[in-house]
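Across the two complexes that follow, chain A remains constant while its partner is chain B and subsequently chain C.
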Partner chain A sequence: MAVKKRGQTFVYSNPPHIVAHASIVGPEESRGPYGEYFDLHCSDTKCGKDSWEKGEEQMAADAVNLSMDKASVSAADVDFLLGGDLLNQIITSDFVARDQDIPFLGLYSACATLVEGLLLGAGLMDGGFADCVVAFASSHYQTAERQYRTPLEYGVQYPPYKQFTVTAAGSYVLGWTGGGVWITHGTLGKVMDLGVSDPNDLGSAMAPAAAELILQHFSDLKRGIVDYDLILTGDLGKSGIKMLTVLLEEKGILLSDKLMDCGAEIFGGEKKYGAGGSGVGASAAFVGSVIIPRLISGELERVLLVGTGALLSTITVKQSETIPGISHGVVIEKLPGG
Partner chain B sequence: MAVKKRGQTFVYSNPPHIVAHASIVGPEESRGPYGEYFDLHCSDTKCGKDSWEKGEEQMAADAVNLSMDKASVSAADVDFLLGGDLLNQIITSDFVARDQDIPFLGLYSACATLVEGLLLGAGLMDGGFADCVVAFASSHYQTAERQYRTPLEYGVQYPPYKQFTVTAAGSYVLGWTGGGVWITHGTLGKVMDLGVSDPNDLGSAMAPAAAELILQHFSDLKRGIVDYDLILTGDLGKSGIKMLTVLLEEKGILLSDKLMDCGAEIFGGEKKYGAGGSGVGASAAFVGSVIIPRLISGELERVLLVGTGALLSTITVKQSETIPGISHGVVIEKLPGG
Partner chain C sequence: MKNINKTKDEYKEIVKNEQPVVEKGRNVLRAFLVGGGICLFGQILWDLYLYLFDLSKQDAGTLATITMIFLGGLLTGLDIYDELGQFAGAGSLVPVTGFANSMVSPALEYKQEGFIMGIGANLFSIAGPVLTYGMVSAFIIGALKNIFGG
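Then we have the complex of A and B:
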């Protein structure tokens, strides 16, 4: 039997394809440098609904439905959904699943949730338990801000290293044929805490977990940076990727121009967004709409997608807890001969 | 190759054993009719810490550590942890994982979270991705009450169908040898919403999902109630199991004396606990400490454990959303010849 785990890394013997994906973004993300890449655009942050929370739910539902349409699968074809988001009790994802006649597995690892869904879905497919799964995730600036920080109406001033939650959702249909790319490996990360306590500085809270995940992945597979065209993090922001670069340089790994961060990219260089975007919706929308086309076109051949999550709640911040980070990774590759 | 899925049910071709388990409960649960069954008892609800949240974290950590001790495994032996709880951002589980040098997969399906962990862990083991995993979950009356409802200091009066969150944690080590019982099947449930909107009546919100899960499980495996010694729900409470009984009778299934609910049992008949206990800690502690010994002794041979979760947040209640339920199931059986 093929070896299916090396250290913390799943090695899929039958790597599932990403058959189709769909993204939807809010108005500010639509105006950003990648705006035209995304499938769907909301012209208002409530997406035509009467609350931001209902708007986020609508966006996630639209992403799931469009990804299934693109893959030409119906609810009866999908073995289960894997979903999560940043709201308390992952209620966006719960409610998206309510409207689908498909079993649902709820996940939470903050902004690493999409990657957790992809690596679990691929593992259960490779294990023989499914032939088609849908992994999705979302985040929303207004719903996250009022839940985690202060109501927007207060007009609080933020430090320049603050990231801004991206209003976006993405959905991925995994199956056995088509799509042009597949998921070949998944690396599971540990929760790491280096003592960051500022809830506006999540990039610094997550960077150590991301560095550890990349080192572990390389070690497990006896690979190095030379074996990848891109290390794509989601979402460390501009200050987080600086710290990641330093942490890896200390271990002799020079990412040079092979590092990209979904959050740092999505709004471009505009100063009003501080250190850039955050939120699991950023990677959920960006990977499918920006990176997978580059794999299909042959511009990239092998990408390590590193989801990065900061583990905090409003209560832990008030109780003066530090903020640990977690990171999970998947390798997305162009199909051989594809 | 063996068929590993039938409908919504995983059929494990190499069923993992529950090698060891550990439970810890709070003071009121310790005084209940099953108090002596549990491994560890906290004499105060803060478990010696300076907040209820830190107390819940300590309880969950104690359960994880004791289960690993009982199984004689160290962190290096465990491929990953699967955990979740009821607090926002599953922060209890995140923080438990922070103190373990083991990869972590965060899960959320309310009070079905333990079962989600068991069925995913068993699936990934059977799929070749792990040889040892730990699934854990916790809940806590004081932390849940002040998060979901009102601060206890308000002294709100509750209706008699209200359930009381159980202060407890449980942890399960899955491996390939020993332990006396194994997990042979896992059935994934869909999110169901029949329009319940009272956040004190979660039993009614969850019962339809539980009924659907049981019917689906029987249909997938061409089995009936005659094939099980016990259907164990966690946690519908006393009003929820009445509704479940009616819903299944309508489909011609008479559970008669084969139905037990962890929440309805854990506090006994005492009126002050309304419809009984709820919270994922109830099933997490009860299954290992009360039911698995009955399987090992031969009193029971095959149990269908049905985790039941109510999907709500404080925001959805305020926004007048209804409360959907979700249910996942696993079959726990006495080892053949064991």
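Then we have the complex of A and C:
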């Protein structure tokens, strides 16, 4: 019997700790308001390699290696490697795993991939299948843009609600001891599609999935907004969080100042970036480098991290299909007495 | 049973209300100014070539077009044309400089996949539809002219 599940929510009886985290960001993210929070910075988007794809691979690999160094674990200590990115065949993560002597599970939920990794990694540990898991994710402006849209230098005008893919990677080591926070719950979301078909408007495509997930999480655990210090979405952008706010207000949930979005934050208020950042690298870097330190310092005690992914296919969009959204959530808490 | 039970139409209404507005009036004005500016510059070049060199009107026009294509390509390579496009929209997309941008930008983008499978295979990835339907309509007009035009 599924004794650790309430509704769609995993209740970890032995919550795994986030023992260590490492992040790496590209040049524009380095110049953003949170630039100095991240561990490593690439001064060029190819990271010294000869293609953007190799640059992204290098960034993700650096994040994984640094997180394992910080946690003082070697490949032999890690039971499973979980990772994903935005490219076809999640090829960046596949290449990162190629160089690691660790069994690998490739994941794809677009920008919700990091949360999917944390949620499953914690599940593998709590289920007794692992003692140490590494979960990572990456995204890259140039590699994503050329796969999903048009060449970078093409002079097409983007609407103000378009988000810009963040060039970043983050890696999390889950273990039983150390670190200052742990993952106590994970909620798996359903795919939602309310008919958004504009590939420049992914915030609107994802917002219903995020609203659905938050409502489900609250109902599964009989909790409300008062039980959380922060609802952190990754990444609805400045436009998508408005839709989320409206959808939840209709259900009587007022997020007010407890709502934050990784993508909307990472570039600050710069107009150039439209509705802000997107891409799983944003939450992968931001959560570990900005939010977890706030949990450790006691500024925050309990955060619901809501990963939101737009399941965009370049082929089906051309066939006038709509864009489904997915959302997963994990609860990250300050360790009691930590 | 899902928690959010909105119909697509209901949600469309929310999106419409909450989304930042695309300022169409402003875009039209910018497109007019930049597009008109590009065309004016082309005309100035044309007249200048006529004045400077001993050329027929048609040759001077061709030379002006070639110069504009060169400048469109150059500004694309200098990372300026896409910024101009974000500002001007269709204003920089429609003139011949925009066509140069649509050819040079894939060339820059795909050079890392090599000359054959990269640049060669993708050079027309944006301009392709324009060329295809340009040729198709030219064929139809030509055929009609031959049949009815005598």
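The rule we apply is simple: the second predicted complex is superposed on the first by the 335 of 338 C-alpha atoms of A that agree within 3 Å, B and C clash if a C-alpha of one lies under 4 Å from a C-alpha of the other, contacts with A are read in each partner's own complex, and residues count from 1 in each chain.
Basically, contacts are C-beta pairs under 8 Å (C-beta built on N, C-alpha and C of every residue); 3 or more make two chains touch, one makes a residue touch a chain.
Remember, it's a predicted structure, so these values are computed and weren't measured experimentally.
Student: Using the touch criterion from the header, give the chain among chain B and chain C with more contacted residues in chain A.
Tutor: B
Student: After superposition on the shared chain, which partner residues are touched by A:5: those of chain B (first), chain C (second), both, or neither?
Tutor: first
Student: Who does A:190 touch here: chain B (first), chain C (second), both, or neither?
Tutor: both
Student: In the superposed arrangement, does A:212 touch chain B (first), chain C (second), both or neither?
Tutor: Second partner only.
Student: Of the partners chain B and chain C, which touch A:88 in the superposed model: first, second, both, neither?
Tutor: first
Student: Based on the superposed arrangement, let me know which partner A:51 touches: chain B (first), chain C (second), both, or neither?
Tutor: both
Student: Check whether A:107 is in contact with chain B, with chain C, with both or with neither, and answer first, second, both or neither.
Tutor: Only chain B; A:107 stays clear of chain C.
Student: Could you list which residues of chain A make contact with chain B in one structure and with chain C in the other?
Tutor: 51, 190, 192
Student: For a test of understanding, state which residues of chain A touch chain C in their complex under the given definition.
Tutor: So the residues of chain A in touch with chain C come to 50-52, 146, 150-161, 190, 192, 194-196, 201, 204, 208, 211-212, 215-216, 219, 238-239, 242-243, 246-247, 251, 275.
Student: If you look only at chain C, which of its residues touch chain A in the complex?
Tutor: Chain C residues touching chain A: 2-4, 6, 8, 11-12, 14-15, 17-22, 27, 76-77, 79, 81-90, 92-93, 98, 101-102, 104-106, 108-110, 112, 125-126.
Student: Flag every residue of chain B that touches chain A in the complex, lowest number first.
Tutor: 1-2, 4-5, 8, 10, 13, 51, 53-54, 79-80, 84, 87-91, 94-95, 97-98, 100-110, 116, 120, 123-124, 126-130, 147, 188-193, 311-316, 319, 321, 324, 326
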